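Report on one structure; see the data block that follows.
Naming follows writing order (A, B, C and D), and every chain is counted from residue 1.
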Amino acid sequence: MSKTGEPVTSQSGDAPYVQLSGISKYFAGIRALEDVNFACELGSTHAILGENGAGKSTLIKIMSGVLQPSAGEMRVAGKPVQFRSPSEAADAGIVCIFQELSLLPDLSVADNISISSPPRRFGLIDGRAQRRRAEELLARIRCEDVDPRALIRDLSLSRRQMVEIAKALGKQPKVLILDEATSALTSRDVETVYDLLGRLKADGVASLFISHRMHEVDKLCDTLSVFRNGSHVETFRKGERSPSEIVRMMIGRDVEAQFPPRPEPVARSVHLSIRNLTWENRLKGVNLEVGKGEIVGLGGLDGQGQKELLLALFGVLRGVEGTVKAGEVAGIPSSPDAAKGGKARIALVPEDRKTEGLMLPMSIADNLLAASYAKVSNGPMIDPAKEKAAVREGIRKLQIKIGSAQDPVATLSGGNQQKVVIAKWLMTDPEIILLNDPTRGIDVGTKQEIYKLMRDLADEGRAILFYSTDYAELIGCCDRIAVMYDGAILTELTGDAISEEAIVAASLNIDTGEAA
Amino acid sequence: GPETVSGPGVEPECFAPWSGDTKYMQWEAKDGPYKLAVVNGFVGNGWRIQMIKTAKAFAEDPAMKDKISEFKVVSTGTDAAVQLGAIEDFINQGYDAIVTIAVAPDGFDRVIRLADKNNVVLVPFDNVLDTDKVMQVNEDQLEMGHKWAQFVLDQLHEKGVKSGKILEVRGLPGNSVDRDRSIGINKVFEDDGGDWEIVQVVGNWDDGTTQKVVADAIAVHGQFEAVVGQGGSNGVIQALKDAGHPWVPVAGESENGFRKAIAQYSGDGLKGISIGQSPGLVAVAMKAAVSALEGNVMPQLISVPLPVATYDELKDGENYWSDLPDNFFTVNEFPPCGVNISGPAIMAQDESDVN
Amino acid sequence: MNMWRQNRAFVGALAMLAVLYITYNFMHPRGFSTAVLVQNANEVVAIAFVAMAQTLPVLLGGLDLSVGAVMTLTACVASVLVNGSPAEILFGMAATLAVGAAFGFMNGVIIVYGRLQPIIATLATGAVALGLALFIRPKPGGDVDGDLNWALTNSLWDLVDTYGLFDPDAAWFQPIAWIPVPLILLFGIAALVWVPFKKSVTGRTVYAIGSAEGAAYMSGLPIDRARIAAFTLGGFLASCGGLYLAIQTSSGNADVMQAGAYTLNSIAAVVLGGTSLLGGAGGAIGSLVGALILRVISFYFRIVSIDPLLQPLIEGLVLLAAVSLGAIRTLRVKNRLELFR
Amino acid sequence: MTKLFSHIKPENRPILIASAFILVILMVGTAFTLSTAGTAPLLSPGYVLQQLQIGSFLGIVAAGMMMVILLGHIDLSVPWTLTAAAMMATAVGGDMAVPTGLAVGLIVGLVNGLGVAYLRIPSMIFTLGVDSVMRGLMVAHTGGFAPQDQATPFMRFLAAEKVLGIPMAIFVWALVSVIITIVLTRTSFGRSIYATGIREGAAYLSGIRTRLVIIGAFMMSGVCAAIAGVLLAGYSAKAYQGMGTPYLLPAIAAVVLGGTRILGGQGRYVGTLVGVILIVLLNSVLSIMQMPEAGRQVIYGSVIIGMLLVYGRGTKVTA
């Protein structure tokens, strides 16, 4: 691969090492970034803030050569560059730890750490040297417990994330980018990463740090940049802005308008009741009730068991213990088929729409019908008339913007794709709706529609359990918020008790005083 | 290994030398009883089954019984590497003689060398080897080809047919008998004046396969003036019938069904010749092996005469049986060698003891 | 313990082979003798090479339906070229292997630049290979050098003896004189070709592609080159099988059935050897072991008297049982979504 | 060519190209026969019907194979499923012959399905194992040749007789085709096959019983192989070893040439039909031309590669 931008001599921190001017990025219709100017100086720890879909990952993907900008120019050490691949960026000293891990599950830790330029003897990969290298790098991040010979697939998510970091360090970065690299880490690891960043800063390395956790940001960074809906709002030094200002910057002034008004808390008949639900070591006795017409939010940091809870309720997990009562129906469904059918009528809008929610190459119509063939069939035969009607209804109800219902769903924008997933489940006329981060990577306009829809569905008397990584959403949409920590629900917030501070505090399981 | 000696050999009426210049071989006498193995290759047509049954029956024959201490039959399938392995394994296991149907005409140099080293008598038959280093037993395949083709040609000439398409049904590819017969057949048609187009199909010596490929050939080519086929002759007849193809001269092997047919329809133009490659060859080969172990002088190439029967020579109950099933080979016995197990007799046994 | 868990499948196969083979030798009248070892070795070489060849496409997450055909093709080539003066013989061998590698290379190019699935592309190229084999050898035959045949299909002693390299009875030589040449060839090539390949960046990339192609790209690995290299090496290994088959039978035979059988057996061997059909995990040595297991099973039928008519059934059941062992993992899966990855 | 087809749905492009190629084959073949014999048998209805009759065996096998390929799986047990069905049918004989044959197909399909869907063993190896077990069973059953291997009159009727001058086999093939088409396009089972083939996980999360779908598809493949076996035995008047072997690879080839994605999720049954006809015609033209086996193999292989490359260039869909 060709080197772009000559090897970097460590230079005084003042001149921006990376400089983006007028960068825009479009994905089939969606605007991910718009005319962004952004600079990053060596020796700084720079936080990038913004709600989901603000364009943070896109930005750093461009910086690290994964994506090419639709417009604009990028300079590294003063030289204009066009990275055609991550390795080119790495050669220029820009190394990224991606939100979606880039490890090879079947290869060993050592192999992965040195994957792009392994140490060699006589042209062959030198296993021992590679292992020593891995040991050193792992030691730097206090991960002596990880065996360099272990396979990635045998490691826990948090260990993998640490290996990602070790791998990145191995590339001698000038600019180290962490995209929510801490989301899955144990608190101990988080600490390690903190003072790692500290040391890197001392060595004059720039760290770009994407996080949804204000307190982390506050603790680590000297510089903050806020993004909203694909544009760079402002960059400032730590302390120049108050947390509340920052949040407003992220969410936008019209934050209130974004959400439908929350009805006054009323007594509701319990529709879904969960009693000390346990599974493996991820769910440790969850207790929760959701009333008819109620939207209950699931909060907390990523990976505290929220997803597992939803999957368990939907019959995907095996060996779940505890009691679940859905309306009249008691018992844990044994499969999604069982969950959606019968009296329980549960629906799940899964986490990853591209791999779990949709069959991308299939037509919009087929995707809409995937959960309700029975509804449009007489016996085994699908009734074309019913089929058409159902599809038309689904598209109308969510105002999905499409050309023809026969087009592959892949051709739709992310937001409309997500609408298809939701519409698919509304067709089954569910009584309980489980939502797993339904607005992830969806633009603000669509988000608004979805919030409205959720409220309407609740008002129709359905029970909604809503997991989101985005505080603002939870605050804006939910009647009640159950914050999960380490596989259990520690705090439930209702009415005026609902505030970002309260959520963050509960998420970190610390009392409000220290919360950002 | 064997010495090359000068003839004559023992029991010439049974172990007839191939030709005048066939050389003779002699192993140093071992005293019996002997360990004897049959290593078959391809399984999956009636002929081989009948051959295996004959072998087992003959091993029980009073003339042989007390000369054989151990008797084993294996079928290795068509993979040469495996067949060679099996033969070598039996040599290692200390067998005295191994009778085999080779899956290919060459490639046996190594096992021959080993056999000689260990004084094991290796006797290929039916599909024999292109070598004179071992004692072999067979009918004259080239001659079989000639006779088949010549008979068919004579019939055509009688009808005044001088040109046209001839369907040749071949056997299992890669085996020596298939090759030699085909050479014989094609030679005759080339030497004949007429312009003949020989269409070849592969029937694997099996009725079902043959029927399928002949039917397909008829579908593609329409009419044939005559059919010359190796084992699987019943399939030829069946296919002609199904396609409503006019009866034409047909040459084939000695399946009972085939003989029934040419006996029955010769009047309608199905002028047939049936030459039997006898499954009983295995018995002759076994006998030859034992005789060699006893130290007798043996011809290197033992010739068993071609049992020819044309449509006008067939007699029900004698050389075919209208009351018996189609799928056995009528020619099985060879009295000059004391092989008296007839086709009907061997097929009367139930299948279960085919092993 | 980690190592053990990673190579569970391979170690299991190894153990299985050991048990099967040792028992076999105890039961064999001349067990543990050079003669038996030599015979077994000869019978195993071709399929073992073909199984190793199949390993590479499988590691990529694909399948090569042409390995058997390439073996047959190269065997036919060898049956024409491998004879005459020593120089000619050496040239013939080199040419044979070159043909195999070239054919594999062609597979790779078609698959990479034609954006075709390996399984279907090789289904077609396999037919082409057989066609060429039939052109070269319409009838079985050919005269591969007889001494070569003898020298390479026996123990080292015979090799030395055949070519009169030195006194084969020399005392120092005896400790190794018994070793079968076919085994030396098999393991020699496995060691000289496979081990370095696995340690090369290209080899590493092959594993990476099969493991997670996206991540492999993200890590800037040479994906296309590795694919083509893998198929080329596959063709080469298949041709090693072909060359040996030709030498062993001192002839060539464009046997279509045999080609098909070797291809299917190679898949079974690869799986038995612990390589995942999903790609990314396993290795050629495992496949070699898998092939040995397949063959050893059939050895038994010559010493134990099992009704020959039951032999294929027993072979089939053993195979099915062996490959079904992998299922135990799935039954333990607690999150069913993991079943789909 | 790409431009010409650019407005056509990607999944239909292969079908059109293949159809076009069929015409090419017919023209080349006819040109040949005209120049040699001065006749054009390829264009005579009688000839075409005979070819379709021969093609029906492959056609029915391919139809079943398509079901599993749509799932991204494959059924390598077809050869001996076909043979076993035929042998069992003839062995039982009488009126129960055909039902017995079909039952064999259903059972084998069920076993395959269970192994793939529940034990989650890759179909590639599991069906391979099942194939060798079936072979073992048949060898044991027949002792190397069928004890009672004559096809029943009804089987003969289905495969060999003509009705209204049209071979029955063609009617059977047509019937199978109609059923498959309906299943794929009009039933929830059919839709579930596509869904599962594209993303089993997403299908499962939509509440589709993916395991039952997998089992169902394999049973259809098994039963199709069985029908083909029963017909072939009728056509050959008997069941015989290895009767199924010549159908495995051509069936896969036909399905893929018809534009079905070997990784599953995409493909139309018409395509498979076209693919089958293409292969059958190609073979018969080659044998009319007296092409030696060597040439046939080379041409056969080259045609497949060639066509897939043409498809590939037009669409990113890799077959």
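Here, contacts are C-beta pairs under 8 Å (C-beta built on N, C-alpha and C of every residue); 3 or more make two chains touch, one makes a residue touch a chain.
Keep in mind the model is a prediction, meaning the values are calculated, not measured.
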item: More contacts between chains, A-C or C-D; value: C-D
item: Inter-chain centre distance, subunit C versus subunit D - centres from mean C-alpha coordinates, in Å; value: 31
item: Computed distance of Cα centres, subunit D from subunit A, in Å; value: 46
item: Separation of mean Cα positions, subunit D and subunit B [Å, integer]; value: 36
item: In subunit D, residues with contacts to at least two other chains; value: 139, 143-144, 199, 201, 204-205
item: Contacts with two or more other chains, residues of subunit A listed in rising order; value: 316, 335, 356
item: Per-residue overlap in subunit C, given as positions that touch at least 2 other chains; value: 254, 257, 309, 336-337
item: Every chain pair in contact, whichever chains are involved; value: A-C, A-D, B-C, B-D, C-D
item: Residues of subunit A that touch subunit C when the two form their complex; value: 1, 66, 85-88, 90, 98, 101-107, 111, 115-116, 118, 120, 123-125, 127, 147, 149-151, 154, 279-280, 311, 316-319, 335, 356
item: Touching residues on subunit D, where the partner in the complex is subunit C; value: 74, 76, 115, 119-122, 124-126, 128-137, 139-140, 143-144, 199-201, 204-205, 245, 249, 252-253, 256, 262-263, 292-302, 304-305, 308-309, 312, 316, 318-319
item: Sites on subunit B touched by subunit C in the complex; value: 72-75, 77-82, 84-86, 88-90, 92-94, 104-110, 113, 130, 173-174, 179, 354-355
item: In the complex with subunit D, residue positions of subunit C that touch it; value: 63, 65, 110, 114-117, 119-121, 123-135, 138, 254, 257, 260, 264, 267-268, 271, 277-278, 309-317, 319-320, 323-324, 326-327, 330-331, 336-337, 339-341
item: Complex contact set, residues of subunit D against subunit A; value: 186-189, 191-192, 194-195, 198-199, 201-209, 265-266
